[in-house]
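Look for chain A in each of the two complexes below; its partner is chain B in the first and chain C in the second.
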Partner chain A sequence: MASLLSVQNVSASYGRQRVLDGVSLELPESGFLALLGRSGCGKTTLLRVIGGFIAPAHGRVLIDGQDMTSLPPEKRPTAMVFQSYALWPHMTVHGNLAYGLRLRGMGKAEITRRIDEILALLQLDNLADRNVTALSGGQRQRVALGRALAVAPRLLLLDEPLSNLDARIRLDLRHEIRSLLKRLGITAVHVTHDREEAMVMADQLALMNDGQIVQFGAPAALYDHPANSFVADFMGASNVITVDLAVSGGMAMIGGDDACPRREIADATLVRAASQGARRLDIRFRSVSARLSECGDAKTPAAAAAVAPGANAGLHLNGTIEQVTYPGDVYRHAVNIGGRSVLIDDAKRFEEGCKVSVFMPFGAFHLFPRIDEQSRAA
Partner chain B sequence: MKHSRMNASLQSGLPPRSMADWVRDKTGGGIVGTLALALAIFVFALIIFGPLTNMLLWAVTERWYFPHTFPLQYGFEFWHRVFKPTGNAVESLQYSLMIAVFTVMFCLSLAVPAGYALARLRLPARALILLLFLVPQAFPNIPVYINIARLFYQFGWHGTVPAVVLVHTLHGMVYAVWIATAAFSAVDPECEAAARDIGAGPIRTFFTISFPSAFPGLVASGIFVFLESLDEFTGTYFVGAPEITTLPMLMFRAGMEGNYQVASITALLLLVPSVLFMFVVERFLRADVLAGVGR
Partner chain C sequence: MNSSRFAGFLLVLPALTVIGVMFIYPLSYSFVDAFIVPAKDGGAAQFSLQNFATALSLYGDDILFTIVIVGISACLIALGSILIGGYLTLGENRFFVRVLAALYRWPLFIPFIVAAQCMRTFLAKNGLMNGVLVEAGILTPLQTIGFLDWRGIIITFVWKQLPFVTLLVAGAMAALDRSTIDAGRDVGAGRLRILFQIIVPQIMPTLIVALVLSIVIMMSVLSVPVMISGHSPTMITVEMAFRVNSYNDYGTANALGVISYCITGAIAWVYLRRGVKQGGKPV
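On to the complex of A and B.
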C-alpha cells in the first residue's frame, strides 16, 4: 500500500541544537500514528515539520507522494489541533469553524450545513453562536478538533490535544476521538508523552528519544518486545536489576550472588551478546509481572526452588521488603534486591524487613545485555 | 489595650487590614485616631478637588474680585461669548479636533506595523527599540521644538495643520508604539499559526486574526494619542502659533489676559473627552495587554 505520509531522513535544529536527527517514517491511509516520547525528544518538532511550521535542515516530507518540504502550512493538505487549542477569541464557535470553509470559497448555506454536521458529530449542538471564551476546556478541545476536521484535511495533526484537560475528561476523549477518526477514516499523527494515551488511541507508535525514532511498531509490539532498555523503561518496565553475564558451554550463565543465584539460560541472543563481550545484564520488569513469596531463613537456590515449584519456568531473585504501601487493588512493595530497590505489586501484604523470593515467569521480563566500560576493558 | 492589640497582630502574622486600621493602631485607636483619619482624608480631597472646584466656580462666574471668598455674580454670560459663531473658541475646537484626528490616523498607521513587527521580535532588540521611542521625551522639550520650528520655517511648513500634526505625532508615537506592541504581543502566535494551517496566507492572517485580536489595545492606543494631542501645548505653540490656535493655546492666552472665565470654560471643554475616554480605555485595555506595555 502506498503511504499517505512519508517522512524521509528529516533533520532539524534550533540554532546549534539538533532536535531531529535523520528521522524517517511511513504512514498508510487511515493510519493513526502516535509520536511518543519525553519532553524535548523532538516529537513536537517533527509534527511541526510535517505541518510546515518548521523547515527541516535536511530530508523531505511527502504527502500522497508529493514533495511538501518547501511549501508553507497554508499550501499543505494538513490541519492541526494545537495543544493550546489556539481558538480565535474574537469569533464565535461558528466563526472559528467557518473560517477555513470561507477560504475555500464555499457558499454560506453550504457552510452552515457543514458546520451543523460537525457540531452534531462532536456533540456541540446549540453552541454555534457561543463565544469560544465562554466554553469549557472539553468543549474548546472539540471546537479545535472540529475546526481542523471541517476543512477535510488529508492528514490530521494532533499536538498533545488532551494535555490541558482534567484526567477524567481525558480518559473519555481518548476513546471518543479514536472512534470518531476511525469512523471518518481520517489519517492522523498524534503527539503525546502519555504512554497509555498513545497505546489506546494509535495503531502505530513511534517512540522517540534525542531526536531519533528508537522503535516503530504496533503498541503491543513495543510493549511486549521492546528493542532496548530505553523502550522497556518507557513502556512501563521501569524496575531494573543488573546481574553478571557469562557464557559457558553454549549456554548463557547469569547471576552468581545472593540476590540472583547463578543459573543458566538457553537464549541465543544472550549467548551471542556474551561472546561479543557483554559482561553485565539488565533485567527489566513491570511491578505487576513479578510474584512474591516468603522465603523465611532459606537463602540457598535449592530452598528457593523448593518454595516456588517449577523454577525452570522463570527467574528467581532474592530480596528484602523495604516498604509497603497500598495504592488500591494490590499492595506495592519496595523490595531491595542486591542493593537495588524495585517496586513489586502483590495481592498479599509482606511486612517490612521480611526476606522474600521474587519470581518472574519467562516472557514477563526483558533482558538487555550491556557492554559497559568494565567489560570492554576485559 | 494597645499591647494586646499589637500582640494579636503579631500572633496572627497578618498586616493590619486597612489604612484606617493602620492609622487607628498608630494613634492608639479611639476618637483621636478617627479625627486624624478624617483630617487626612480632607487634606487629600482638598489637594485633588480644590483646583477643580475653583475652575468650576470660575466657569459660571460673571463678577469676582479680590477680597471676596466667593463670586459676586453667577451666570452663563461667558459661555455665550465663548460659543458664539464669531468667537474663536469654536474655531479652536475645530482645529483641536481636526489635528487630534489626523494625529491619531498618522500615528496608528505607523504604530500598527511597527507594533506588530516589534511584538514578533526577540526580547533584547525589542526592548532597545522601544526605549528609542522614549528619546524625544528624554530631551528638554523646548530646544527640540525650537529646532523643529526653525526647520519648518525653512520648508515653509510653519503655522500649517500638517506641521502641528507632525509634532503631535512625534509626541504621541511613544504611547502608540508601546501600547500597540503590547497589544500585538498579547495575540497568541499559535492563533496565527492555526489560521496559516487552515489555509490563510500571511497577509490574510494578519487582517483576519492578528489585527482583530489586537483591536481593543489599538483603540486604547489611539485614545491615548488623541488625548495627548488634545492637551499638547508646547509643540503647537512653537510650530503652529499664531496661525493655528488649539484649545490649550486659547486657554493659555485667556489665562494670561486674566480672563479666567474663558480659560476655565476651555479647560472644562478639554476635560470632557478625557473623562469620557478614560471609561472607554478602562473597558478596552485588558489587564494582560497593560501588563505587557514596554516589554
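On to the complex of A and C.
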C-alpha cells in the first residue's frame, strides 16, 4: 500500500541541541500512528515538523508523495489538534469551526451545512452559538477536533489532545476518537506519553527515545517482543534483574547464585550474544507476569518445578518480601531478589520477611544480554 | 476592631491628603470658577455660562482641532503598535525582531519638550528631514515644505506615544497562548490575517486601555503644540495658557479646562466600562 505520510531521515535541533536524529517512518492511508515516548524524546518536535511548524535541519517530509519540507503549515494538507486546544476565545463554537472553511472560500450555506454535520458527529449539537470559554474541558477538546476535521485534512495531527482532561473523560474519549477516525477513514498521527492510550488508539506505535525511533510496529509487537531493554521498560516490563550469562556446549547458561540458580536455556540469540562477549543478562518482566510461592511449599507450580528440574516451564528466582501493599484486586509485593527490588502482584498475601520463590513462565519475561564494563572485565 | 480601623485610616491619610490638596481642591475650585463671572461694578460674582459661551465662540475651532489631532494620533498609534507588536510576535527574522524590540522603546525615555524641540529641527522647512530628502535627490529645495503645523503635532504625538502603547500591546501579544496563533496558520491563515483576526481581537482590551491612557496624556500636553504650531487653530492647552497669561482670564481658561475634562472623561468612561466588563479590574 502506498504511504500517505513518508518521513525520510529527518533531523532537527533547538539551537545546538539535537532533538531529532535521522527519523524515518511511513504511514499508509487511513492508518493511525502513535508517537510514544517520555518528555523530551522528540515526539512533539517530530509532529511539528510534519505539520510544518518546525523546519528540519535535514531530511524530507512527503505527503501523498509530494515534498512538503519547505512548505509552511498553512500550505500543508494537515490539521492539528493542540494540547491546550488552542481555541480562539473571541469566537463562538461556530466561529472556530467556520474559520478554516471561510479561508477556503466556501459559501455561507455550505459552511453551515458542514458545521452542522461536524457538530452532530461530535455530539455538540445546540452549542454552535456558545462562546468557547463557556465550554467544559471535554467539549473544548471536541471543538478542537471538530475544527481540525472541518477542513477535511489529508493528515490529522493530534498533540497529546487528552492530557488536559480528567482521567474518566480521557478513557471515554480514547475510544470515541478512535472509532470516529476509523469511521471517517482519517489518517492520523497521535503524540502521547501514555502507553495505554497509544495502544488503545493506534494501529502502529513508534516508540521514541533521544530523538530516534527505537521500535516501530503494531502495539502487540512492541508489548510482546520489545526490541531492547528500553522498549520493554516503557511497555511495562519495568522489573529488572541482572544475572550472569555464559555459554556451554551450545547452550546459554544463566544465573549461578542464590537469587537465580544456574540453568540452561536453548536460545540462539543468547548463545550468539554470549559468544560475542556478553557476560551479563537483564531479565525484564511485568508485575503481573510472575507468581509467588513460599519456599518449601510443594503445592505451588514454582515449588513443583523446583522439585522437578526437568520441567523447563519457566524461570525460577529466589527472594524476600520487603513490603506488601494493596492497590486493589491483588496484593503488590516488593521483593528483594539478589539485592534488586522488584514489584510482583499476587492474589495471595505474603508477609514481610517471608522467603519466596518467584516463577515466571517462558514468554512472560524478556531477556536482554548486555556488554557492559563487568562483561568486558570478564 | 476600632484600633485597626484607625490604623488603616492613618495609613491612607497621607495619600488622601495629597489627592485632596493637590487634585480635588484645585479641580473643584477651577470647575466652580468656570461657572462664575465677576460683576463689572464691583458687586458679587454670579453664576453664569458666559465663560463657556466665550470659550466656544472664540475657541470652537481649537476644540474641534484638538479632537481631530488626538483622534488621528490615536488611530495612527493603534495601527503602529499593532504592526510593531505583530512583527515582534510573528516575525521570523530573529535579528530584525531583536533590533526592533530594542529600538522601539527609546522615545519612552524622552520628555515631551525635548521631543518637540527635536521635531522642530527635524520637520522645519530647512530641517533635517527635508535636508536628507534634498540630498537624496528626492526633492529640490523649492519643493520642500515645513511640517511645523497640525502634521508636526501628530507626528510628535505618535512618535512619543507609540512606544508606550506598543509596550503594553506587545506584552499582551507575547502573553497569548502561542498555539492559538499556530492553530490559525494550521487551518490556512496567512500572517496578516492571523494578526488582525486572531491576535488583535484577543488583545483588544489592552489596546483600548493603552489608547485611553495615551489620549488623556495627549490632551494635557502643552509643550508640543506650543513649540510645533502655536498659531490658530491650535490645541486647547495652548489657548488655556494664552487666556491666563495674556488676559488673566481664569474664567474662560477654566471653561476650556472643563470642556477638555469632559472629552477625556468620555474616554475614561470607555476605560471604566471595559473594566466593569472584566469583573471590575481595569488594567
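Going forward, the second predicted complex is superposed on the first by the 360 of 378 C-alpha atoms of A that agree within 3 Å, B and C clash if a C-alpha of one lies under 4 Å from a C-alpha of the other, contacts with A are read in each partner's own complex, and residues count from 1 in each chain.
FYI, a residue touches a chain if its C-beta (ideal position, glycine included) is under 8 Å from a C-beta of that chain, and two chains touch if they have at least 3 such contacts.
Everything quoted here is computed from the prediction, not taken from an experiment.
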| item | value |
| --- | --- |
| When chain B and chain C are modelled together on chain A, clash or fit | clash |
| Touched partner set for A:S84, first chain B, second chain C, both or neither | both |
| Touching partner for A:E74 - first (chain B), second (chain C), both, neither | both |
| Residues of chain A that lie at the interface with chain B and also at the interface with chain C | 51, 53, 72-74, 78-80, 82, 84, 86-90, 99-100, 103-104, 147-148, 151 |
| Footprint of chain A on chain B - complex, ascending | 188, 190-191, 193-201, 204, 208-209, 212-213, 215 |
| Chain B partner contacts - residues on chain A that touch it in the complex | 51-53, 72-74, 78-80, 82, 84, 86-90, 99-100, 103-104, 147-148, 151 |
| Complex contact set, residues of chain C against chain A | 177, 179-180, 182-190, 193, 197-198, 201-202, 204 |
| Parts of chain A lying in touch with chain C, wherever the complex brings them together | 51, 53, 72-74, 78-80, 82-84, 86-90, 99-100, 103-104, 147-148, 151 |
